[in-house]
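So, here's a batch of structures to check.
In the two assemblies presented below, chain A is common to both, partnered first by chain B and then by chain C.
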Partner chain A sequence: MKELEGKVKLVVKFFPYRYRDHARIAAEAAVEAWRQGKFAEMHELLIKKSPKLDRESLIAYAKELNLNVEKFIKAIDNMEGADIIERDLKLAKELDLYVTPAFFINGIKVLGVRDADYFKNIIFRELENAKQR
Partner chain B sequence: MQSRGSIRVFLIASLVFACFLCLNAYASERKKSIEPLPQPPSPKYNTTTPEKVELGKKLFFDRRLSGDGTTSCASCHDPEKTFTDASEISLSYPTTRNFRNAPTLINIAYAKSFFWDGRAKTLEQQAEFPIMSPFEMNQNLDFVEEEIRIVPEYREAFRRVFGQEVNIKLIAKALAAFQRTLVSQNAPIDRYLRGDKNALSDEAKKGLEIFTGKGKCIKCHHGAYLSDQKFHALMVPENPKYANEEKFIVTRRYVAKINKYPDYMNIKEDLGRYFKTKKKADYKAFKTPTLREVAKTAPYMHNGIFKNLDEVIEFFNKGGGEGNRELKPLGLNDEEKRVLKIFLTEALSGDDLKIKPPEIP
Partner chain C sequence: MKRKLAIFFYFLIILPVLVHAEPRYSISLENSPFIGSEKAPVTIIEFIDYQ
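So, the complex of A and B:
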């Protein structure tokens, strides 16, 4: 996606699915990884390793990414990311969102798993529209 | 002598019978035509009334119908996406995977069977399946009755509309009544068939000729619904994207298993209607979908394998999938394919239905 560099801003919001045991703690892990500057790496790892997202596994992933593990453990145990996660859950409710993954591309709602072409079509169309404005 | 006479009588009778069959087939080929859309049916067992439709609309958008409260009928049949979800494989209950494409609900009132494999004969029967399917809404039917019944507005509405307490059969009836109102509006083909010869452009008219002639589309896509309402094994290829996806495989095995397919653990393909009927003729056969609104309901086929109409036309032009016995190459040239696509896009698309989610009690 090099061609989109500098043209698209990606904002990630948290929406831990309420009926999955490890969804909330995994979100905490992602927030702490973000605070330590490795959100994207942790995000990739969580997707790759899912559903193995229990506390011990998350700590192992933090080690794998060379995070400050002591700080990481303290953060996930004390739910230090709660403010951010709760804020995002509130936003999802306001937007009437219940499904993951959910995307908004320039306001266009896309729900569910899609292939890359689907996103590309919308993104390139929106970039074109933006040029004409 | 008597035996020779009998043979002669038998031969003459066979010849007459063969002629009858030929004429019959010729007549049925000839009478296939496209018809304008009539008023949608309002069956005696569930007449359509405005109050019932209103109730059905609320239930259609109500997430209580799913086990975890995340999914409504509108999640996969989104009014903003022509009552589909625009996915190859329909959206699924969280953490699971569906294995077939969600068809549009527009004009579903005219269908004579439901689902790609036709396992439901009425819209009322159909409604219960996705609610209880583990990979769609994953709700328990007894439980959902209580979830709806406890809402005072719903209880009152059911008494008013049906004169009865909430139950799952009435929920299904209300949903069906709402869906029967989702009908193509003002489609150029209907105006054309009713006498407005300017309703189609010249190119669309040429496309119509291909549709009814060389393209042979009309063979299966005829009548007002533009479907023969039958099942055909066109040998549409499996969608390779999902061949190794565990959750997809789980769902396909599950469907084979509940249909008592003996070797369900090793199932590698979607056997379509065969799962249900176990008839050889239904092996990998799927329902002929309507072509009304087709330009707005990509991707196509039961597994969403074709991204656009060009790919669909190409599939039929080359004579369908490998090993199929229903289709032969059509030999359409580029211009013929182009005008056919114009017909499908321009003539069969009605005005967008502006259905907004209602307030859920």
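So, the complex of A and C:
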């Protein structure tokens, strides 16, 4: 959506469901990619490759993105992203969230999968509001 | 007459305002990864499960 370039920022909070095999390690991979300065790239790759998110696949993605693989493996094996992920899980619980994806657009809650128009409507309304302020 | 007017105003003005006033959550963005320009006027927070 080129028309929205510079006007929208996406902030990611991690909400891995406990009962899914690879949800947690995928979140760990995203946190480590972020710490190595490649968050956007890994985020997109994980969405594209899902549900192929087992440990070996994640390591292959880290290689593909030219991350420091040794550091990456250490991070996902030792769950070094736990501080961020546990904090986000706690936040999700406080917000009473139990489905993903869950969005907050300038603080307005949107739950579940919606079509692009639904988001566009809210985004354009928020941009109008921002102009008037 | 006054009462009718009050009811009329309720439906015309007050009710739509109430319906439109969605709650806005205040969520900390500190120390969370983001994509896009930091000063963008619209912020979308996504709670994601990659699997």
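The definition used in the following text is that the second predicted complex is superposed on the first by the 133 of 133 C-alpha atoms of A that agree within 3 Å, B and C clash if a C-alpha of one lies under 4 Å from a C-alpha of the other, contacts with A are read in each partner's own complex, and residues count from 1 in each chain.
By definition in this document, a residue touches a chain if its C-beta (ideal position, glycine included) is under 8 Å from a C-beta of that chain, and two chains touch if they have at least 3 such contacts.
In this text, all values refer to a predicted model and were calculated from it rather than measured experimentally.
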First (chain B), second (chain C), both or neither touched by A:114: first
Which superposed partner A:98 touches (first chain B, second chain C, both, neither): first
First (chain B), second (chain C), both or neither touched by A:9: second
A:19 touches, of chain B and chain C: first, second, both or neither? first
Superposed model, chain A: greater residue contact from chain B or chain C: C
Which of chain B and chain C A:130 touches, first, second, both or neither: second
Doubly contacted residues of chain A, that is, touched by chain B and again by chain C: 17, 20, 100
For the chain A and chain C complex, residues of the former touching the latter: 4, 6-17, 20-23, 26-27, 30-31, 34, 39-40, 43, 46-47, 50-51, 53, 84, 88, 91-92, 95, 97, 100-109, 119, 123, 126-127, 130
Contact footprint of chain A on chain B as seen in their complex: 63, 68-71, 75, 85, 87-88, 91-92, 94-95, 241, 307
Chain A residues within the chain B interface of the complex: 17-20, 98-100, 111-115, 117
Residues of chain C touching chain A in the complex: 22-27, 29, 31-38, 40-51
